[in-house]
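All remarks here apply to the structure that follows.
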Amino acid sequence: MKKSSYFGTIALLVLFGCLPLFESSYALRIGIFACMYAIMAVSWTVIGGFTGYPSFATAAFFGFGAYCGGVLINKGWPLFAAVGAAGAVAFVSALLLGIALVRLRGHYFAIGSLAVAEVLREATNSATDLTGGGMGLNIPLAVTSSSSVMGEASFFFWAMLALLLLTFIVVHLIQQSKLGFGLVCIKQNESAADMIGVNATMYKSVAFAFSGVFVAMAGVLYAAWMHYIEPADVFDVLLAVKPIVMALLGGLGSPAGAVLGAFVFLGIEELVWRNFLQIHSGVLGLLVVVLLLFLPNGMMSIAKRLSFRRGQRG
Amino acid sequence: MLVIQVLLNGIVLGSLYACIAVGFSLVWGVLNVINLMHGSFIVLGSYLAWGAYNALGLAPWTALLIAAPAFFCLGYAIQRGILNRVIAAPVLVTLTLTFGLDLMLNNAMLIGFKADYRRLILDPSLGTVSVGSLVVPTDRIVATIFALLLTLVLYLVLRRSRIGRAIVAVRMDRDASRLMGVDVPSIYAITFGLGAAMAGCAGVLLAMIYPISPIAAGSFLGKAFVVCVLGGLGSVPGAVVGGLFLGVMESFGSLAFGPEHSVTLSFGLLILFLIVRPQGLLGKRGFE
Amino acid sequence: MLGLNLRSHRARILSLFACAVVMTFTGITTHAQEVIRFGAPLPLTGALAPEALKQQQGYDLWAEQVNKAGGIKVGNKKMKVEIVYTDYQSNTPRAVQAAEKLITQDKVDFLFSPFGSGAAKAASTVSEKYGVPTIAATASSAQVYDQGYKFLFGTFTPNDTLTTPLVDIVRQKAPGVKRVAILARNDLFPLALAQEMEKSAKQKGLEIVFFEKYAINTMDHSTALSLIKAQSPHWIFATGYINDLVLIKKQMGDQKIEAPVVTMIAGPAYQEFIDALGKSAENISSASWWDKAARYKGQDIFGSTENYNKLFREKYKSDPDYTHASSSVSGALFQMAIEKAGTLDRNKVRDELARMNVPTFWGPVKFGPTGQITSLEPPVFQIQNGKAMVLHPASIKQAEFKLSVK
C-alpha cells in the first residue's frame, strides 16, 4: 500500500473520531457499525487479499468472539480483559484450525471455512447452560463507567475505532513484512513459493489467524454494546459475505481500500434500509452483481489509474 | 424396529437430498461455479408446483413437465447472459456473484409470494404406507421414486447423448475438448440450464412434502453442499451416494445425539471429509 | 477522453461517498407536536411476518378508535394518535436498530416492543437507555423482564401460568396420563415455555420420557417424531410458532402418531392453524393469554370483550385472537396511563403504568415489580369440531376436556 493511502486513511480515521461531537447517538450507532465492518474487511484482506484464499470464516470468528467475551463478562471479567482474552483464544484456535483447513484450496477452502461458522453456531445453540442456547445471552448493562446514552455510545465508538486503527496498522505491518511477502508469493504460485523456502502451511495458518483475531475482538465489543446476543445473529452468514463485498468494493488486496469499501457499503446499506426497506436485500444483491461485472478491481483501482495518468502527464 | 424405521427415514430423506444436490454437483463439477442460487431455484420450483396445482389442478408429477423446460431456459439465460462474463475469474468472484444474484432472486420471491409458508395439500391426500409397525408417508415415497427417476434420466443424458458426452468431456478437460471442437461456452450454458432444471424439478417434488417459503432456500443449499463434498463432484452417482450417506447419517445421528444436532452433524461431516477425503466417497475431485 | 472519464469516475465515487455520509449521519426529523407518536418496530417481512401482521391490526384498531373519539386526553386538550411502523425483517439486531431509530430519528413519544420474547428483550435495552416507556404485547418469558429495567411492561403473564393449569386439567380429567414427551423450538419463548412445562409436569408427578429441541426453521421433524413414537407417550407437548406446529402435526400424521393428549403452543389459538390442519387439529389442546369467549368489562376505550370482538369483526371481518387483543390493549393501557398522568412526560407516564390496577377487556391489568403483568388468568382451550373451546377458567368454560388426538 502506498504511503499516501496509509497515512491518508489513518488521518481520516482519526478525524472520524470527532463524530461524538455531533451529539447524535444514532449517528454513533452507525459509526460503530462502520468501524466494525471496516475491521472485518481489513482483517479479511489478510487471508483473502494477500494470500488469495477465499475465507468465509469471518462469521465464525465474530460469533466466537461475541460469545467468548459475553461469557467472560458475565463471569465478572472487565471489558478489556475479556477483549484481550477472546482475541488470544481466537488467534490460537484459528492457528490450529488453520493448519487443518489451509490444505484445502479454492472452493473447498471456502466451504470449509463457512462450515466452521455453521458448526460453531449449532454448538452454541446446544450449549444452553453456558451460552443460553436459543434463548440468547445477557450481558450486564454496567460495563462502562458512564451511564448516559451518549456516554455509552461514545465509549463504544471510540473503542471500536481504536480497534480499527490497531487492525489497520497491524495489517499494514504484515504487508510490509516477510510474512506479507511470503503470502503474496503463495498467492501467485504456491508450489513455487514452497520451493523458495516459504513454509506455505505455516504462513497461511498465521494469515488465517490474523484474519480472525481482530474480528473476534470486535465481536466482544459488539456483545458488550448490544447487551443481548443470540447465535443466529452473531453467526449470520451475511457477516461472512459482506466483508468480502466491502473488500472487493474497495479493491482486493488493499487495506485502505477495505476501509473505504466498508464505509461506502455501510452508507449504501443505511440509505437502502431507510428508503427501500422492502427490496433492501435485492438492492444489495444488485450492488454485488454490478460491482463484480463492471468494477472488478474496486474503487482503489480508479485512484491508481488516476495517479498513473497524472504520472504520465507530469 | 426403531432402527429400521430410522434407516427407512434416512433412505427416503437421502434420496430427496440426492435429487436436491445432483444439479448443483453437475454445475460445480463442470463449470467450477458454485451456484448459490440453487436453493432459491428449488423454492421457485415449489411455488411453480403449488401454482400449477391450485390454479390448473395439475398434480406435481405433471408439473414436472412444465418445470423442466422453464427452468432450463432460465438457467441457460442466466449463464449465457451474466455468468459467462466471469467464467474464468477466481473462485471468489463467481461465488460472490451468484450470492448477489441469489439475494435478488430471493428478495423478488419474498415480495412476490410473501414469507408465509404455503402448503401444497393434495386432495385426496396420499396417506401412508405401513408394513407392520413401519410407516412411511406415501408422498415421500412418490417423491423419492420420481427423484430417482429424474436422476436416472440425467445420468442417461450424460452418458448416452452427444451433448451429454460433450459435457463430460468438458468436465474432464476443458482445453482438450475445445481442441476437439466442442463449443465450450455453449456447453457451459447447457449444463447450467440442466442444473437449474434439476433444481426446479426437485422443488416440484419437495412441494409435496415440505412447506414452501423463500426462507427455506438456505437450508436446501446447505444440504446440497454437504452432499457434493461427501459424494464427490460432477457425477450423478456421486450425488446419489452422497445423498443417501447424508440421509442415513443424519437419521442415525439424530437417534444417537438428538434431533437438534442434525445440522451440526451434517456440517461436521463436511469438515471431516474436507480434511480427510475432499474428493468424496466416489473420489471424483473437482477443480481446486 | 480518458482523462475526462477518470475525473468524472472519481467525482462520482467521491460524491457517492459524500452523499452516503451525509444522508447517513443527518436525521430526517421534522414533525409538529400535535400528535402523540407511538413507535412500532415489527417483523413485517421474513419468517415472523404473519404474527407481525396481527400486531399491526391490533394497534391500528386501537388508533382508529382513539382518533374517532377525538384523541387521548392530555391535561385539558385532546391529542390524536399516530403509530410509526418500521420493519426489522425478523432480524433481532435490526429490531434493536429500529427501536433506536424510532426513538432518536422519528422522535416517537412511546414505544411498542418488537414481536416475541427475544427481540423484545434485545430492544428493551434501548428503551431503558432513553427512558421511553415501552409495552411488550407479545413477550411472555420471565427472562425478558429480568434485566431490572424500569421502562418495560408486558401484557403476557409468565409461561408457568400457561403450563400449570394445563397440567392440572389433564391430571384431573385423565389420571391415566403419566408419560410426557416435549419437543421445543430452540428459541427464547418456545424453549422457556417447554422448560416450564417440564417443571410443572414433574411437580405433579408426571414422567418426562422425551425432551428435545429443534433448530429454528427446521423443516423435517420425522426423526424426532419417530423417537417420540418409540416412547409411546400419553402426552405430546410441542412448542414453536404457527408454521412449526402445523408442520409437526402434519408429520405426526405421516407417521400415524396418536396420543391421548396433544398440546401445542403457540398456534392453535389462530384460525389459520385450524384451517391448515382441518380434521387433524381435532382435540389439540393449548393455552393462551386471552380468548374471545372471555366476558371482561373494562375501563379502557373498548369497554368490554364483547365490544372489542364486535369492533374487530366490523373492521377486519374475522374474529380476534390473543395477539390482536394484546396489541390493542397495549395501546389502550398507554392511553389510560397518559390520561391519568395528564401529561406526556415519560417518567410520569411510566409511573402511572407501574401503579396501574384496572379492569380491561383483556382482563384485570396489574403489573408486577419486573414490569410483567401478574393479574391474568390464562384460558386453557381445546379444538373441538373445528373451533377453539375454552376449558378453563370456570367463569368462561365452554366445553369439557376430550381425550385422543389422531
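Per-chain numbering from 1; labels A, B and C assigned in written order.
The rule is simple: a contact is a pair of C-beta atoms (placed from the backbone, for glycine too) under 8 Å apart; a residue touches a chain by one contact, two chains touch by 3 or more.
Model, not experiment: these values are computed from the prediction.
In summary, the chains found to touch both subunit A and subunit B are C. Farthest from subunit A in terms of Cα centroid separation is C. More C-beta pairs in contact connect the chains of A-C than those of the other pair, out of A-C and B-C. In this assembly, the C-alpha centroid of subunit A lies 32 Å from the C-alpha centroid of subunit B.
Between subunit B and subunit C the centroid-to-centroid distance comes to 37 Å (mean Cα coordinates, whole Å). Multi-chain contact residues, meaning those touching two or more other chains, occur in subunit B at positions 110, 260, 263.
Listed for subunit C are residues 45, 186, 213, 215, each touching two or more other chains.
Subunit A has residues 122, 125-126, 278 in contact with two or more other chains. Put simply, subunit C touches subunit B in their complex at residues 45-47, 49-50, 90, 186, 212-215, 217-224, 226-227, 230, 243, 246-247, 250, 254-256, 276. Per the touch definition, subunit B reaches subunit C in the complex via residues 2, 5-6, 9, 13, 110, 114-117, 119, 128, 130, 135, 137, 139-140, 210-211, 213, 215-216, 219, 250-251, 254-255, 258-260, 262-263. Listed in rising order, the residues of subunit A touching subunit C in the complex are 19, 22, 24-27, 29-30, 122, 125-126, 128, 133-136, 138, 141, 149, 152, 226-228, 230, 232-233, 260, 263-264, 266-268, 270-271, 274, 277-278, 299, 302-303, 305-306, 309. On the side of subunit A, the complex with subunit B involves touching residues 48, 52, 54, 100-101, 103-108, 110-112, 115-116, 118-119, 122-123, 125-126, 237, 241, 244-245, 248, 252, 278-282, 284-289, 291-293, 296. Listed in rising order, the residues of subunit B touching subunit A in the complex are 28, 32, 34, 82, 85-86, 89-93, 95-97, 99-108, 110-111, 218, 222, 225, 229, 260-261, 263-264, 267-268, 270-271, 274-275, 278, 286-288.
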